[in-house]
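Here the chain labels run A, B, C and D in written order, and each chain numbers its own residues starting at 1.
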């Protein structure tokens, strides 16, 4: 019974992680039809920002929840101005350019921080469920993912900016029809998406040993989750994260982590073969 | 209509909760020239796409030359001898005019003898001076003609044209009408069109679509005179 | 560094000129001794490679300062393999055929060693592989100065069982080293009245151990023995501590600390973990003191020094000793001299060569993590490479050229 | 048209043959060999991406599969002739299977990218997890992360002791590259190839003409897979070891970068891109001032943003517009065209 509880917590946790690592990519993809392959490196930079901030004496929560998103968001602004905006409407070219960016950022981080693993400790102690010890920080991550989804929903459905954003998602020329400068919208969107990547990087930093190439472990999963989810940001990410989180954890427990990973990938291939437009391309059409 | 070349029976197409085409029974004779008209959203383009295989109908059957083609892929339908021109000119921008047409002729006639048919199509459509230009660099009217050339070079016996006159200048419209009339001596043709002037100039039988169904079918003059048509179509068009 | 930059520029110019490049490192006197080095000093393995490179350069400096080898200076031809296996093949061939070096020191992962071993053997270039590895390589052209699993496990596992109890849960990286080490742990557990109740393998990129930690608790072992490797696997120790498991189930490892992980983990996360290696900077010996001061003199501080950097340092000195004894640079003469039972007194203790296997006989120190340092609990003198000795005898079969799967 | 094509092919082939023959006086043949192998690999993606409009994020899967197939077969058989052909055949068949699955499922664009990427990842993860003794094919241990060393390298057919090594191996790979180049040129000039280009430009139109685009894309994809497998086979014989790194994302990325830098829509472009960047990488390995990944990344960004058509087509169009200026013929900007090509 205790073990079952622990397993359920682990499944929720892995769904939450997928939500966190996909949210930034999903916002940018959903709004701008841009796939940012440097997303993993944005997370990595969020992680380093957190660690540097913590080491220089800033409170860990402030570092994770404020410093990391801000730093990465600003980086995102710069990237949007310098690279992305030259390539709007050219999906494949943006993928390639951001792939280049990802390599570039790995190089920069290596030159600054070296390839040595660094990290900080999680701020929450473990506690026990029956005979089992669980990582207290897992609950923080689950809560963070829930809050993030709720906040996204609130912004998209409850604010004027959200309305414009939804309009833009439906039709790219909607914003200009409403009298908004699409350039500004794209800039703001990319800032928000990058900030979310930074946030994810910051929140996950205490759990992993950080190296400059860390981003690579996230991007594939985030990419698969977002694409499989389809074009709707919230429903898409949530549904595909749930599916993949469930599949990978069940196989991890039953067999091994490799099989868990492979099961996730196989599930993605089957899913895309059956639903070539992603989950929300078929179901929940037109939702957020 | 004992000699029907194309018939649909009970053809229905739904998208989610919307029924775009509902139980359409349609029939086209050999060498017949037919126009489909109707207001926006009447279902004529959806109907057209079902005929070409670009959409798979939700229910009902399509027969072309005695064969049931319901649910076939576009290439199978086309290889029966059906030529299709889509609404937005569907051409290959990165290839030259000649290459575009050669690809069409090559499938039907084999790559060795295709050249003759390519020259012929280029002549008929007056594409000679721009034969080696990349299609991506052409003006809209020229692209429309290239696409028609692609259709012609296949020497089809059934031609489906979606808004061939859209975006053409007055002079080009006249040439297009003449071209279609010429083609109709060898093939049956369905034209989806908005432009009543154009339809008059090819003097065809007209099928009027409204809300996914066939409203009436008659000669263009009779259709123009009909009150119901004016209500649903001309009236709304204003 | 300067030379490297010059090479780089030369290379770029050559590239611009359409690939006109035939001799790059040509600025040295013709009769220098040429030492080739291939290490990953960039890319994901550079945490291992960079200190190894520094250690190799320190050793060469020391030898040169003492008058060189046979009166000749050593010059270094070093290539960065960028953590990519294809580049090992490339540079291995380059060192053997173009640079015509006298010896190659290098290779980090077993795959990188296998990528160059045959090339060097065919071109008759002596090869030193100075890294802790899974054991079993049997080839007269290669000398190996790192510790092998048996040397560590025979010390750390009995000590752990004695201290904490018999039930062992094994976690290991899913590649040769981990697989083989796990089997040695199972063997020594049995021999010492213990039992391996479960063994899990993890690919090198697994970073999330939540479900594993739950599984371990379900099995409730007395000890966890880890042979996890690399940055992603470091997450395990962090998640383990975060779940509050550290105080409940103690841990021993055959790998933690090799890449200076004890300095990355906090004291709370690391303290109490039991390990066994050839080197710790805490070793109190004259040889270690002079090594540390030499390192400080050259690089400023000693924080990058780790186990395999010291192996590489000792490897270069072992080779130099062999050359001195042979009195020649000739490969066969040096090999014979080394087989004659050479030994040096290195920072980790006396290192001598076992003629049957070309592996090193080393001191192994049982240590405990304590305040981000490795505190020596007990030293075991001159441990034989018994794993490789079980399968390899180069005295009897000098033409052997295999990596044996060590039988357990 | 066919005549001009023939002339072009002959010209490039002769030029390349001469270049490949005199190259050994400037560079060691073992370096040249691997550059030629990279060229072959780039050619495989250049074909399916540049001429079929299929952007495969996982070309490395076929490369790795070719190398592993060769290694496993060579360990089991000993003599290298059959393994060599298996190394081409296996990736070809696998690509045909994968292609059929994707194209008959009407996947396009990004989804195609994701699937190929994911399949490569599966290979990568699986091969990395095969360190245990239970993963054996015949006498060959798959070896996990450490890969498979010690298999028979290429030999003269029928004589297992007559290794094709060193210079001979270089001339052999160079010959293979030229042969494949001529084959691919022929393929593109054939009606099949013309239709493939038509599919890249406008798949729907090709379907409406009555061609089965799915079948043709599958065949083209398979041919690309076979060529990548051939490159992998040659790599295995050169490196004498195969490791899961062959399946890595960075390997796939590199192939794409080669094509982008060299230029899409040409065959020579990707080959040159591969050789130049491959050589650059070796040269960079001899310095430690700047991180190499950083440079590669920067090159990719700059090319996508500033010179999206790559070196060879840009040179070509500069030459043509020079000609055009002489003939006083105005042309529209060609930028739009390239955008279409890349987005298909």
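As a working rule, a contact is a pair of C-beta atoms (placed from the backbone, for glycine too) under 8 Å apart; a residue touches a chain by one contact, two chains touch by 3 or more.
Quantities reported herein were computed from a predicted structural model and do not represent experimental measurements.
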item: Contacts common to chain A and chain D (chain labels); value: C
item: Chain C reached from chain B - shortest hop count over touching chains; value: 2
item: Centroid-based (C-alpha) most distant chain relative to chain A; value: B
item: Chain nearest the overall C-alpha centroid of the shown protein atoms; value: D
item: Inter-chain centre distance, chain A versus chain B - centres from mean C-alpha coordinates, in Å; value: 47
item: Distance between the centres, which are taken as Cα means, of chain C and chain A, whole angstrom; value: 37
item: Distance from the mean Cα position of chain D to that of chain B, given in whole angstrom; value: 42
item: Contacts with two or more other chains, residues of chain A listed in rising order; value: 110, 258, 261
item: Per-residue overlap in chain C, given as positions that touch at least 2 other chains; value: 42-43, 174, 201, 203, 205
item: Touching two or more other chains - residue numbers and ranges from chain B; value: none
item: Touch relationships between chains, expressed as pairs; value: A-C, A-D, B-D, C-D
item: Chain D to chain B touching residues, read off their complex; value: 191, 194-195, 197-198, 200-202, 204-213, 331-332, 336-337, 340-341
item: For the chain C and chain A complex, residues of the former touching the latter; value: 42-47, 50, 174, 200-203, 205-208, 210-215, 217-218, 231-235, 238-239, 241-245, 248, 259-261, 264-266, 268-269
item: Partner chain C, residues of chain D touching it in the complex; value: 23, 26-28, 30-31, 34, 125, 128-129, 131-133, 143-147, 149-150, 235, 238-241, 243, 245, 276, 279-289, 291-293
item: Contact set on chain C toward chain D in their complex; value: 1, 4-5, 7-8, 11-12, 14-15, 18-22, 24, 41-43, 79-82, 84-87, 89-91, 93-94, 97-98, 109-111, 114-115, 117-119, 174-176, 178-179, 201, 203-205, 403, 405
item: Chain B residues within the chain D interface of the complex; value: 52-54, 73-76, 78-79, 84, 86, 90-95, 99-100, 102-104, 106-108, 111, 134, 136-137, 150, 154
